[in-house]
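Each of the two complexes below includes subunit A, the first together with subunit B, the second together with subunit C.
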Partner chain A sequence: MFRKMIAREAKIAFWCLLPAVAFLMVFMFYPIFYVILMSFFKTNRLGNLVSYTGLGNYRFLFRRPEFWTIILRSCVWTALAVAVKTAFGLVIALSLNTDFWGRKVARSLVVIPWASSVPISAMLWQWTYNNDFGLLNHTLKTLGIWKNPPVWLAYPKPAFFANLWVDIWCGIPFMALVFLAGLQAIPTELYEAADIDGASSFAKFRFVTLPLLSGVLTVATLLSTLWTFNDFNVIYILTKGGPANSTDILITYIYKYAFQYLRFGPAASMAVITFIILLAVSIIYARAYFRERS
Partner chain B sequence: MKAVVSRGKYFIYPIVVFLLLILLFPFFVMVSTAFKPLEEVYANPPHWIPREVRLQNFVDIWSKYPLGAYFRNSFIIAAGTTLLNMALCIPAAYAAARINFRSKSLVMYLFLVVQMFSPVIVIISLFKIISSLGLLDNLFALVLTNGVFTLAFSIWLLSGYFRSIPKEIEEASLIDGCSRLQSVVRVLLPVAMPGLVTTIIYTFITAWNEFMFALTFITSMEKRPLTLGLYNFIGRWTVQWHYLMAAALLALLPVVFLFLFIEKELVQGLAGGAIKG
Partner chain C sequence: MKKLLVVSVVLVLFFAFSSVAWAQNQLRVMWAEYDGLTPEYAENLEKAFEKAYPDIDLVIISTPWNEFHDRLITYVAGGQPPDLSVIGTRWLLELLDMGVIEPIEKWLSEDLKNNIDPALLEGKVRGVLYGLPVAAGTRLMYYRSDIIDKPPETFEEMLQIALKINDPENKFYAVGMIGQKYVELTEYAYYLFGNGGYFFEILPDGSYGKCTVNDEAGVGALAFMNDLVNKYKVTQPGVTAYKRDEVQNLFISGNLGIILSGGFTATLLEQHNVPFKWDVAPMPHFEGKPQSTLIVTDSIVMFKDSKVKEAAGKFLDFFYSDEWRLEFDKLVGFPPVTKSLANHPYFQKPVYKVMIQQIPNAKGWPLMPEWPECNDIIWSNIEATFLGQKTPQQAMDDAAAEIDALRGF
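Right after this comes the complex of A and B.
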């Protein structure tokens, strides 16, 4: 009887999950399977499979020096962006965790860049970066912060950092909010105990805050790594990967190969490589997540 | 100890103000440009504050560009995605929260991992699927694809919320003679309303802000959602930056407003267990 009930329950669970899982199967797992398949085929300009080439597409990619440049750039892009987002987020969270007048307003204002959509934010920045009429360089010059700021989006190096900054800027609020939530979960007694022991502010940060924040730090940086690596909108809207592919990362390059050059085969094999990288990081993330919960 | 806290208070202001200036600068640029007349937009050196406030910009963008159509399309896509997502995620989240079955943690693990993938990986195949379904240049394509990429997180968010509600309230209604479905619809869902609202707003905003699927699947002018429509201000016409900024302001306001409601739940849902400890 009890057994039967469990079986009945399992049946209900099955029917409840079926629509969602079926939907994901058709529009997520099948596409992943198909892109893997496609990566082993020659394709025509419509993306139809023409003939099996084995590792041909992969070999084609690996022989191109710019492919390695782009892999390297994707890694540098992700590492720099995540590091700066984390640092900024931590500073904001620590500031907002102290009690001051107007803290609530400050907190809501911090959220705004996260709430505004990335595509629109990128467009705002594009205008802000404008060399002749944009307010960024004007402000930097007028306030004497930077006498000769670069023409941001016109040359490879400045364009890379301009893109990077917009990605960072979009990601700061999330980091700040997660860290803030993490900080608020730390019991105040611990700080009081540290005070009684005569600990300095730095010692409190090092021996109370950091260890207790480490779970949140791990999960947030992993999640941010995935998002940063995946960032398509900022680069596509600001520079489309230009000038001369100098700001492309793997994600934008895949898109360009498929929908601009119409070379679906190599694009698919790049997608597979990206998929493997993301899968590895996702599994690490999921593990960290489940470990934190239990 | 009190003294330490209040001493800390004073040097916190310059730090917070500095950080906020950095974070809000482009919004300041947006608002300032949105109200400038054309001559002032192209003034060199540029002015921080418009010398003449031009409200006419907002009237112009509505009459000169199909902004109304963009808004309508975005709304259709976002509402459609939300409906689809809710229909799929409520039962799934219920099962995940209330029923123990074999391989449950595997399924949840899978959802979590799915949530991490970039749409770019599958867009090549999705393009083929969407075109073979005859849905290219159709808003329904965006409903489907946005639905896929919001579903996993919605299930996580909602099942977390369901789990925080004591089982006993449904059990009481079962004893009172409700069927299982009735107990969910009449008891659980009303109690879970805040969680439902969060999931709905999250899905709506994500679909409203989406750009890449629209870029790939939509070709005709009158079917563009806002993000794509605004993007095409750049390039298609010589960019009328004051118009673009005015339109961006209109596009952002409702979303930012909605977002502030659910920000706390989103943070908790995304970083999840790590925060609750």
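Right after this comes the complex of A and C.
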């Protein structure tokens, strides 16, 4: 009887799950499979497979010096952005976790960059960076902070950091909110016990907050790493990868090959490389996370 | 229960069939947001067309020029091309190579065919008409006539004037320069053509040979541009951050003495009712070289997969009627492409006269499927020169080598 019931339940579960599985197969696994397949083929301008080229597309990429520069830049971009987002996010979360007048307003204000869409934020920053009519240089000059500030989007290093800042600006609220949620889950008794032991604020942060926040930290930084590595909007809107390709990262390079040059084979190979890099990062994170849990 | 089931089935079928009928009569037109063209124009056109043809649902998909190529390609590659689309005529071979374009002639009325100036039919490939001209015009020079007495005829004269009027302390720069990568390589084309050069060697059969941007004319053109930017510093600072609209905005706001641009700038200057005097003159050339400028044509094409080709033909007839074309031409600032408007009093202004006067010696973009990538390669090397990473010779040698390798030379 019991076995029969289980079998019936399994059947129902199977039929209930089937649409979701079919959806995943069609909309998630098939595109991934097709892109992997495409990376081994020569394609026409519509992205249809024409002839098998083996590792030809990969060889083409690996022989291009700028490809390695772009990989390195993508890693630097991601590492810097995630580090700064994490640091700022943590500081903001710690501040918002303390009791002060106007805390509710402050919490709402922090969400604004995240609540606005990234393209709109990037366009606002494009105007802010504008050398002739922009707020940033005007403020820097008027306040006498910087007499001759750079034309931010015109030169490789300022353009890179200008892009980076916008990505950071858009990403901080997420980190702050996640950390704030994590902080609020820490039992207050632990802090009270630490107070009784005479622990300093830093000691409480080091030995109570940080260990209990580590799980949230790991997951948030992993998500942030994946998003930042694939952040297309900011760079595309601000500099389109320029000047002289100095702000191109892997994701903008993929776009160029696919939709500007219509060379879907190399674009697919780059997408596969991106997938491998991010998969490796995710595995490392996951192992660290589960080791900690166990 | 049974009743409810029957009602549900009927409703589902009704909506399914009505959506099919709706989709069958929907005409999707990809529409370029030309500088000067107002959104109201497209809205009014849509309303007026739907009033004249109530059975057709016209959907105008407005897209900025700088994103137009990529968005169109995304639609096409995704198997969802529009029914009609404006294109830069230089993209025609790329689309033909993809096999997605329909010969347009049989869908046009005789009146419309006879009303188009045959000299503007650049969308004709191997005798087959694929694209109807939407806009065509040569590029020219705009200058501040309240500051510059006589417009320069040569680039060398332009430099002399620039050195006199440049006043960066007061945010007034002599020459505007587009330096940020854009869908069109216009700035370099002005100096290259004015130096007697071209992007490719033209073979006896009319096809394109090796890339020639690293010859004397090509390198000389870039060296001169680089001198304007880095040696004489008579352009706005940080040129690599400036797109076309931003350079135009600088001229409109009175911060530039000279810009090289198209007819649309005149429309914008009029729309903004600028407080200073300005005028136009033919594009300068280098001393000892013939005057030559860039002619840009845009076309409207039909896609093979369109299910509403007849409706598309009706839309073209409607859009090319004098009433709608006159307003469109006025807004975009191009001379008329229809014969019926050629002698209209509006087009007797200096800006149109200069554009028409330059046509005989003007050169167009190369018509080749790989052009978007070649365009990008040359742009990157020009930017590298402006940033001091390469000399003009190195930059153009690199560009030519990469383009030749890409094209199998």
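Throughout what follows, the second predicted complex is superposed on the first by the 277 of 294 C-alpha atoms of A that agree within 3 Å, B and C clash if a C-alpha of one lies under 4 Å from a C-alpha of the other, contacts with A are read in each partner's own complex, and residues count from 1 in each chain.
Basically, contacts are C-beta pairs under 8 Å (C-beta built on N, C-alpha and C of every residue); 3 or more make two chains touch, one makes a residue touch a chain.
What you see is a predicted model, and the numbers here were worked out from it, not measured in a lab.
Trainee: In the superposed model built on subunit A, check whether subunit B and subunit C fit or clash.
Mentor: clash
Trainee: According to the stated criteria, A:G47 is in contact with first (subunit B), second (subunit C), both, or neither; which is it?
Mentor: The answer is both, since A:G47 touches subunit B and subunit C.
Trainee: If we overlay the two complexes on their shared chain A, which of subunit B and subunit C does A:L262 touch? Say first, second, both or neither.
Mentor: In the superposed model, A:L262 contacts subunit C only, not subunit B.
Trainee: Could you say whether A:A181 touches subunit B, subunit C, both of them, or neither, answering first, second, both or neither?
Mentor: First partner only, subunit B.
Trainee: Hey, is it subunit B or subunit C that touches more of subunit A?
Mentor: Counted on subunit A, the partner with more touching residues turns out to be B.
Trainee: Could you look at A:A203 and tell me whether it touches subunit B, subunit C, both or neither (first, second, both, neither)?
Mentor: neither
Trainee: After the superposition on A, what does A:P243 contact: first (subunit B), second (subunit C), both or neither?
Mentor: It touches subunit C, and subunit B stays clear.
Trainee: For A:L72, select first, second, both or neither according to whether it touches subunit B, subunit C, the two together, or no partner.
Mentor: Neither partner.
Trainee: Kindly classify A:D132 by the partners it touches after superposition: subunit B alone (first), subunit C alone (second), both, or neither?
Mentor: Both partners, subunit B and subunit C.
Trainee: In the overlay, one of 5-13, 41-49 or 77-85 from subunit C clashes with subunit B and the rest don't. Which one?
Mentor: Looking at 5-13, 41-49 or 77-85, the stretch of subunit C that collides with subunit B is 77-85.
Trainee: Report, in rising order, the residues of subunit A that make contact with subunit B in one complex and with subunit C in the other.
Mentor: Correct list for subunit A: 47, 130, 132-133, 255, 259, 264.
Trainee: Under the definition above, what is the set of subunit A residues touching subunit C in their complex?
Mentor: 44-47, 130-133, 150-156, 159, 239-245, 255-256, 259-264
Trainee: Provide the residue numbers of subunit C that touch subunit A in the complex, in ascending order.
Mentor: Interface residues on the subunit C side: 69-70, 73-74, 76-77, 94, 97-100, 171, 179-181, 236-242, 246, 249-250, 253, 255, 369, 372-373, 376, 380-381, 383-384, 386-387, 389.
Trainee: Considering only the defined contacts, which subunit A positions touch subunit B in the complex?
Mentor: 9-10, 12-17, 19-21, 23-24, 26-28, 30-32, 34-35, 38, 47, 88, 91-92, 95-96, 98-100, 106, 108-121, 123-128, 130, 132-136, 138-139, 142, 169, 172-174, 177-178, 181-182, 185, 195, 215-216, 218-220, 223, 226, 229-230, 232-233, 236-237, 251, 254-255, 258-259, 264, 267-268, 271, 274-275, 278-279, 281-283, 285-286, 288-290, 292-293
Trainee: For subunit B, which residues are in contact with subunit A within the complex?
Mentor: For subunit B paired with subunit A, touching residues are 1, 5, 8-9, 12-13, 15-16, 19-20, 22-30, 32-33, 41-46, 48, 87-89, 91-92, 94-96, 99-102, 104, 107, 109, 112-114, 116-129, 144-145, 147-148, 151-152, 155, 180, 205, 208-209, 211-212, 215-216, 227, 230-231, 234, 241, 244-245, 248, 251-252, 255-256, 259-260, 263-264, 267-268, 270-277.
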